[in-house]
Amino acid sequence: ADKLVVQAGVPAPNTNAIAIYVAKQACLFRDEGLQVDLQYTSGAPLATQLVAGDKADIALVSYEPYLLGYDKGIRGKFFYQAFDRLIYFIGVPVDSDIKSIADLKGRKIGVSNMGSATVIVGKSMLRSAGLEPVDSAFLPVGIGDSALAALRGNQVQAVALWDAAFAGLERSGAKFRYLYHPEIADFGNGGYFASDKTLASKRDQLERFSRALAKANLFMLANPQQTLEMYWRANPAGKSGLDAASANEKGMAEIRFKSPYFERKKDDTFGRLDEVLYEKYQKMMKEEGSLATLVPVKSFMDGSLLPAANRFDRDAVMQKARAWTGSEVCN
Amino acid sequence: MNPSQSLAGAPSAPAKKTPVRSGISRDTLLVIAVTLAGFGIWELAVRWLQVPQFILPSPMAIAARVAQDFTSGLIFPHFLQTLVEVLAGFLLATVIGVGLGTLVALVRTVERVVYPFVLALQTVPKVAVAPLFIIWFGFGIEPKIVTAAVIAFFPILVNVIAGLKATDPRRLLLMRALKAGRWTTFCKVQLPGMLPYLFAGLEVGIIFAVIGAIVGEFIGASLGLGSLVIQRQAGVDVAGVFSVLFYLSFMGVALNLALRWVARRWVFWERPTDAVSA
Amino acid sequence: MNPSQSLAGAPSAPAKKTPVRSGISRDTLLVIAVTLAGFGIWELAVRWLQVPQFILPSPMAIAARVAQDFTSGLIFPHFLQTLVEVLAGFLLATVIGVGLGTLVALVRTVERVVYPFVLALQTVPKVAVAPLFIIWFGFGIEPKIVTAAVIAFFPILVNVIAGLKATDPRRLLLMRALKAGRWTTFCKVQLPGMLPYLFAGLEVGIIFAVIGAIVGEFIGASLGLGSLVIQRQAGVDVAGVFSVLFYLSFMGVALNLALRWVARRWVFWERPTDAVSA
Amino acid sequence: MGQAMRASPPPAVTPLRALAPVALELKELAKRYPTRDGGMVQAVASVSATIRQGEFIAILGPSGCGKSTLLMMIAGLVRPSSGSLTFGKPSHDTHPDFGIVFQDPVLFPWRTVQANVELPGEVVGMPREQRARKARELIQLVGLAGFEQQLPSELSGGMQQRVAIARSLMLDPQLILMDEPFGALDAMTREQMNLEVQRISLESGATVVFVTHSIAEAAFLANRVFVMSGRPSTVREIVQVDIERPRPIELMASDRFGVYVSHLRGLLNVTGDAS
Amino acid sequence: MGQAMRASPPPAVTPLRALAPVALELKELAKRYPTRDGGMVQAVASVSATIRQGEFIAILGPSGCGKSTLLMMIAGLVRPSSGSLTFGKPSHDTHPDFGIVFQDPVLFPWRTVQANVELPGEVVGMPREQRARKARELIQLVGLAGFEQQLPSELSGGMQQRVAIARSLMLDPQLILMDEPFGALDAMTREQMNLEVQRISLESGATVVFVTHSIAEAAFLANRVFVMSGRPSTVREIVQVDIERPRPIELMASDRFGVYVSHLRGLLNVTGDAS
């Protein structure tokens, strides 16, 4: 089997890479003649750097590091989009009097840190509602418990985070009302990335890799319960601390939270790269002053693998998924 | 002025240690009592003040998680992984710290030329140079060991240097009189003489090796207590995080105690004797 | 066996330091030479091996950023913020380290009861509890100071304890003979006697205070070198990150040198005199 | 006294002892040190004695016999394994003020000579001016004028020991304990110091317990000389030197003095004159 | 010699000096120590002397006059400020093997008595067995048999000094430098040690330079006694003791010996007999 190294933009197993876990354990990579190693990094920028420097084959990352790193020499292309919508949005407590972006006037928004892309998106959202997007509207509060504490202590009245971070907060019992960017909320700003060199030399492997991912997406839609089991096998820490029933309930909620993508676009092309929204998105980043030079879409995306990636017997995969008991798994 | 008057009110001689034998049980009891009291207050505070679990979980909740992590066996592979990283990193740090420290202390040129660089590197946050670590040392256990070693070696280095510089010059004179070579002098005079300092450095070093391994895992790992912390943090599983912290602390304290036990046996001559402590 | 024969081949006496005056210029030159050589090799390696700038920028590129950060004035507020955090944290660490260390060394019960907890707390990775610090100490400068202090205090503590335990017992006897109180004994005998150890601890401590402040800023800050690192890392601005690391190292080295300067003046009696080093 | 004597024993009456109140009473004092291998070393077997105020006691005995240990027990710095020790005023169970000179100088390397001598004054809170003046006087007394600002590491061995002597006299103590204070001094300095100690003890009325290896020094200075046996040590014999004090240095050449020296020498098995 | 003498000077002929080859030649040796305040202390002004192989030189002088400094310069442990020092075989510019006893014991606290004495043997790579045997013999010689396994901290001051003496003899050195080695010993032990040092020096033919404060000891042991002036010191007078060696301890009581002692005492301004 051909070996591929995938670099995740997160420091430890998490739901972001769930398609990889599924493709591995359901033997979808094996069926495509691939052996995939998943490695973790402290963040998307590091994963992007490593892949652009050919230290690994594929990165599973959000788009911002590439865009921001373009004028520092980062090259390569995203060939498969993994997210279905902008992972950055704003959450306010469900009982908050903030109902719209405009209500954020004069309020403080918590962000993980001032370097986070959530600041960019948050500013853009403020601007869209005619509010002044000043730095002082944001306060770094970290993620998780400290963010919750900031909300509870009223140091901030809203938090701008990303999907997985909100999923974590929700898992701990907090309830949010979410505010999305009015124009680009549907842009799935993350995917699989490879250097131009890899794209040229391992084109065939990347195509098979993409196909396995597409099959995995379908598999997840067909059998969420087994998807959760696979996730737990890859990340035993994901379920610990709870009795079986509530673990299952929370786990399914998280899977659902993470994968509306697959439900909404099940009839669409898996991994489709959205050029129109991409242009909007990077314009927004430039407008907020974080992006110096625009990156032409041709330098950013390469959708040429997708047709072949989506060419497979969907019913067979659905069947396999439904019949999956987890008694035998690939590694 | 009559000095005896001024002395009259002065407190008596400095406190002296009670013999070890009679001390152990009382102090151990005290530790247990303090621990229980601390946890009791914590538990009650969390309950009465209704501190949410995500801010500070109750000791009971943490204890339950600790027990569960143990019985489910989930913690063991992580614990072992981190332990290996810590020990390997500590060993490396000790070798480098003692070696470099010796050079720095004994060769003035090395001190002036190398030490500034060591210092400069020391302040660099390891997470910031993670890409280099990964590129140089790969994705396996190596970068974690290196991180542990890099963080742990500095206190060892500094103490080795301080210990060597504090060598009683008359002992060096004696070795010169014997025409002992540098190496012999080092082995027979400076090395034993610096042991009290060295062990102080190692005591800090072993603790920092634990921290270093964790930081290394934060850069990216699927196994190890640090990676477990990240996963649980992401899930706002605060009790789960505290459970991992418990195992981490256990590791640190156990390693430190082991080291202090070794220190007591090796630095036996510094134990105050009855003559002065009676 | 004739001892004189065995001695004949032995190397001469251990190296002794050359006087400071003549040393400075030569060693400084050497440091500069080594630095230049190092950067030269780095520059050439990056060029020849075509290491991408976003993985390891060339020294020239970093130097340009360092200069730019300086002339644009961008670095100063961050530098100042971190410096304040470091100094405040270090001060706090020194006070706690010396205070607690003294208690631990002088009162056996404190040693047995408190020390295990200190150790346990020490192994806990600060990044993991930093969120709690934020919750407890707010979102301002305080949690960064606390993080710096918590990381820096341990080496200080350990050295204070080691230093106090190494007190020459005959000096204590003398103070007992004078019926000196505990406090007087401490101030006049144990405190000065432990200074060499203390300064070794402080030297490590100041460096760790820098690291601690950065770790504190990593968790959430809008000002400070650590927050700048995070921001530039997110922007894959590697040369920018290295520029910040340069300023961080500068801060660490400068603070450490200042401390060693103080140490040399305060621990003057440990300087080897001409009598033994000639 | 199963010991063959080489000279006639001295007369048995002692005016001072009869008159002065008791300063110090030792009752079967003994000390055992634990050794590393779990055993015990009996350093002092059983010492009993009554010492009166203003008395000058010299202790003579072989090296390692327990003289320092005995002195340290009197100073309250080593706890006796058995036996008891009481001081003049029984109401006080604390030790009286005393000055002490250890066998090593035990100076503070970070303090200058002046500051080392001032230390006891600092401890009892003597005013700065008075303390400085007194220290200067004492430094002069021990012949170190001009070295006030030196560090101990810049002094010779004998000079260091003299700093320690000056320090022990800082508080005009009523009890002075000295462990071979003049061992590192040359003969002339030693003679001067002997005269000074004699003068101080007589002027202040202090009780002095003085360990020495010099038989002549012991006989010259002491009211009574305790001659100790080898380890485990007891006081083998107490030799009373019934010569009025102060004693002039020329006394040493006299026959009267020679009788005591010969007697002590015989007790200690010394043949020649090398001490 | 502007000094008034109390006894007639000794005769001027010395068989040993004339015969033996030169072991050590000092030419206007001087030492200045820098002080902390930037000044200089002149410890030794100018010492010139020729010392022959097998000679036993004693150095007498007031405390702080520079005796230890001179000894350390001979040992090569302190660099002279001016002057020169040459050893018997001019081809060697390194120092010959020598044994040294410092004014303090300078023992290694982590080594037992046995291991401390063995140290020089270890340094030169003496076989383990031989080294252990030799060390046991020397420990016996200094009267510490039975204390082999004790740590220095468990010994009395005099016992520690005896360990240092044993150590200095470990390598049968041809040059022995001793700085007040017996200052902490009682009279009887000191006498024994004097006899031992005399025996060793005669048997091995070693050259000995011996600093002492005991005038009688110097006269008893030495071929020549260097009497030093106060600081900055020079050798004020060299007193040759023309009595054949080995000398019995009873010699000390003789008039012949007394002449030398009185002469030295006069040179050193000593009145009494307290040394």
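Letters A, B, C, D and E mark the chains in the order given here, with residues in each chain numbered from 1 onward.
Simple rule for what comes next: a contact is a pair of C-beta atoms (placed from the backbone, for glycine too) under 8 Å apart; a residue touches a chain by one contact, two chains touch by 3 or more.
The chain lineup, named per UniProt: B, C = NitT/TauT family transport system permease protein; D, E = NitT/TauT family transport system ATP-binding protein.
Values in this document were obtained by computation on a predicted structure and should not be read as measured data.
Listing every chain that touches chain A and chain C alike gives B. Top contact pair of chains, counted by C-beta pairs, is B-C.
Taking each chain's centre as the mean of its C-alpha atoms, the one that lies farthest from the centre of chain E is A. With centres computed as the average of Cα coordinates, no chain lies farther from chain D than A.
Here the CA centre of chain C is 48 Å from the CA centre of chain E.
Taking each chain's centre as the average of its CA atoms, chain D and chain E sit 27 Å apart.
Looking at chain C, residues 7, 10, 12, 55, 131-132, 135, 170, 173, 175-176, 179-180, 184, 218, 233, 238, 268, 270, 273, 275-276 sit in touch with two or more other chains. In chain D, the residues that touch at least two other chains are 33, 36, 69, 72, 76-77, 94, 97, 104, 120, 124, 151, 154.
Across the assembly, chain A contributes residues 46, 49-50, 53, 55, 144-145, 149 that each touch 2 or more other chains.
Put simply, chain C touches chain D in their complex at residues 168, 170-171, 173-180, 184, 188-189, 192, 195, 267-270, 273, 275. For chain B in complex with chain A, the residues that touch the partner chain are 52-55, 65, 68-69, 72, 74, 127, 130-131, 134-135, 139, 217-222, 227-228, 230-240. Contact residues of chain C toward chain B in the complex are 7, 10-15, 17-18, 23, 27-28, 30-31, 34, 55-56, 106-109, 112-113, 116-117, 119-129, 131-132, 135, 154-155, 158-159, 161-162, 165-166, 169-170, 172-173, 175-176, 179-182, 184-185, 196-197, 199-200, 203-204, 207, 210-211, 214-215, 218, 226, 229, 233, 238, 241, 244-245, 248-253, 256, 270, 272-273, 276-277.
Residues 72, 75-77, 94-95, 97-100, 102, 104, 106, 108-110, 119-120, 122-124, 151, 153-154 of chain D are the ones that touch chain C when the two sit in their complex. Residue ranges on chain E touching chain D, taken from their complex, read 33, 35-37, 41, 60-64, 66-69, 103-104, 143, 149-151, 154-159, 162, 179-180, 183-191, 194, 213-217, 220, 249-253, 261, 265, 268-275.
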